[in-house]
Amino acid sequence: MTKDDKEDSKLVVPGEEIVSGLDYLVGAGTYRKGDKIYAKVIGLAKTSGRVVFVIPLNGIYMPKRGDYVIGEISYVSFSNWKVEINSPYDATLPISEIEEFVEKSADLSKYFKVGDLIFAGVVSVTEGKIVQLTMKDSKARKLYGGKVVNITPTKVPRLIGKAGTMINMIKDKTKCIISVGQNGRVWMKGEKENLATDAIALIDKFSHVNGLTDKVSEFLEKGDKNEKA
Amino acid sequence: MTKQTKQYLKTFLDKQRLDRRRADEQRPLEIETGLIERAEGSAKVKLGNTEVLVGVKLDVGTPFPDSPDEGVIIVNAELSPIADPEFESGPPRENAIELARVVDRGIRESKSIELGKLCIDSGEKVWMVFMDIYILNNEGNLVDAAGIATIAALLNARLPKLDKDGNIDRDAEPDGKLPVVQKPIPVTVGKINSTLLADPTEKEEEVIETKLTVTTLENGNVCAMQKSGSGTITASDLEYAFELSRKTGKEIRKKLN
Amino acid sequence: MKKPDDMKLIVKGKRLDGRKLDEIRPVKIEAGVLGRAIGSAYVEVGGTKVIAGVHGPRGVYPKYLEKQGRAILRVKYSMAPFSVNDRKRPGPDRRSVELSKMIKHALEPVIFFDEFPQLSIDLFVEVIQADAGTRAASIVAASVALADAGIPMRALVSSCAAGKIEGKIVLDLDGPEDNYGQADLPVAVIDGTEEISLLQLDGELNEKELKEAVQLAVSGCRVIHDKQKEALRRRYQ
């Protein structure tokens, strides 16, 4: 990817031609017919080198290996926990994937109980979409207190920004610690949680617009001033 | 059918059919009429091994407000569990409803029954023609079999006698035939890859994604069409199906009295 | 329905509402109109008004309906009791069941089902005012709603009906034309292709009329496709 995300992106709808030529490669959100590549989803079409792809403007969360997600424990089983990850596909956290040593026939709710929030890594996703999580990761942890808000899962990269610029700006201006899950869930805890919530909503609404970073910066400044007054 | 069998069939069905028929060939057709004495008209059709029974019942009822002098036609289809282990008992679901409506369309849009001659008392009493389609054995192409059986049953149907009070006297001799003036015949093709197969069998239907039914009349006109299934057709598919329907319709009409 | 003898549907090449024989009624399309549905669209074609909403892809209940390795599409078409002249009793009737199936079949060929194993894409279409052409308007709305929801499709599907009134082949029948006309031929086309995903006929046509009607309906679909695209773009302006 080159400069600011918005520079070379075009809004496309399903069936719309993006490029023509066998040199190009089919990336996410696109398909090839003959020598042309077409959009599969409504979104922003971009090229990165020879790869043509479309960033969807809407959609559910489809779990991927390597993602970090914010999940809620939904069921305590005998040898694992079922975790709801804002997806039609449920995830499992096996006892082998938590840091603590679990004794035989221990009551697993001692470690995680129904309703607990976790920030976990996605270790594997089978073809049939069976999802396995891990807490054995430096980034993974249980989340205490705070507030969770949602954003369209496909807009998470926009929320994070290039090298974290967008999310760091929000953290800074709102004095919150913020964890962003690829599954479209954002956890925050700090001084101006409401301001952070509104900034995230702004990004969700205007992710396709040029100059979003400036817009959000302006918004946060205004919000900051209001609080100070 | 296993997934593997389906895959296998998908690749060679357009080159050779399981029963060795040509792509445009129909299965043998047998028509038997008048076998249900209690019904005012009836017919049983065997198209290959697909077996469909249609009974026509006539009753007196009230006309629709916007056609006070016309009889009423109602077509219903039952996919009885005896016909196929996949058929479930209970009220008709989408396949049964679609079947009935496609057959109904052929009869209604061609004005096959002279509804104007079914008025008993203008605005008050008219003849209601109930056509009930019963699938007895599903070995494919229920629409065509049902459509043929329905028209055969109608051609066989007689109007019950009305007594002096205007009530039906089912014990008396019938009062003439049901006025049927057209013989719409539905002809269905199934599409596999780009080939169209006439009169698909049940096994072929498991592999076929798209069906096109074209109902034609003696004068060569079309009076109903239905594309069904999750695939697509082209204008040239339609042309082929239309010609086939005219040709096949002609042959089938010879077997109707 | 029988046409009153003194009623003329075509006068000097124009129809009762002033349209030419090959003219579609005014079309209005808006994407993203329902807050709780992941994708939605509102469509007006003349006096016909429909709203389509999409939920999912989501889990399937009852579970035995789910397919391994791919998603399914479920469609429910219904007409509001106040959508027609004589109030329609609420609840599914046979026509609605058939139309739900036809709409489903019209959209299935474009969806990339493999991307959502074991899930269901649930599409609901509500006709809030009916003035003929409800199934075409429903398919138009459904395509936009699915795209709005982020469902991957190879193209949009558009739909339009041709018909025969007073011996002439016309495009997009309105209520009176459908009631008093001689034939109604709804068609759906996959944009950018010659593939027809919906084709039905009510009424009698000869070979020449059939060809003409299909061609006319397909051309109507192309016009509507442009409006669908426009509506989706406008959503993100």
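Order as written gives the chain letters A, B and C; numbering starts at 1 within each chain.
Following the convention adopted for this analysis, contacts are C-beta pairs under 8 Å (C-beta built on N, C-alpha and C of every residue); 3 or more make two chains touch, one makes a residue touch a chain.
All values derive from a computational prediction rather than experimental measurement.
In this assembly, B is the chain whose CA centroid lies farthest from the centroid of subunit A.
If each chain is reduced to the average of its C-alpha atoms, the one that sits nearest the average of all protein C-alpha atoms is C.
Centroid to centroid, with C-alpha atoms defining each point, subunit B and subunit C lie 26 Å apart. Centroids built from CA atoms put subunit B at 54 Å from subunit A.
If each chain is reduced to the centroid of its CA atoms, subunit A and subunit C end up 35 Å from each other.
Across the complex, subunit B meets subunit C through its residues 66-67, 92-94, 97-98, 100-101, 105, 109-110, 212, 217, 220-235, 238, 242. Of all the residues in subunit C, the ones that touch subunit B in their complex are 1-2, 94-95, 97-98, 100-101, 104-105, 108-109, 183, 185, 190, 193-207, 210, 214-215, 218.
Per the touch definition, subunit C reaches subunit A in the complex via residues 38-39, 56-59, 68-69, 110, 112, 115-119, 147-156, 191-192, 229, 232-233, 236.
Across the interface of their complex, subunit C is touched by residues 11, 13-16, 29, 31, 33, 38, 40-43, 56-60, 62, 88, 127-129, 154, 208 of subunit A.
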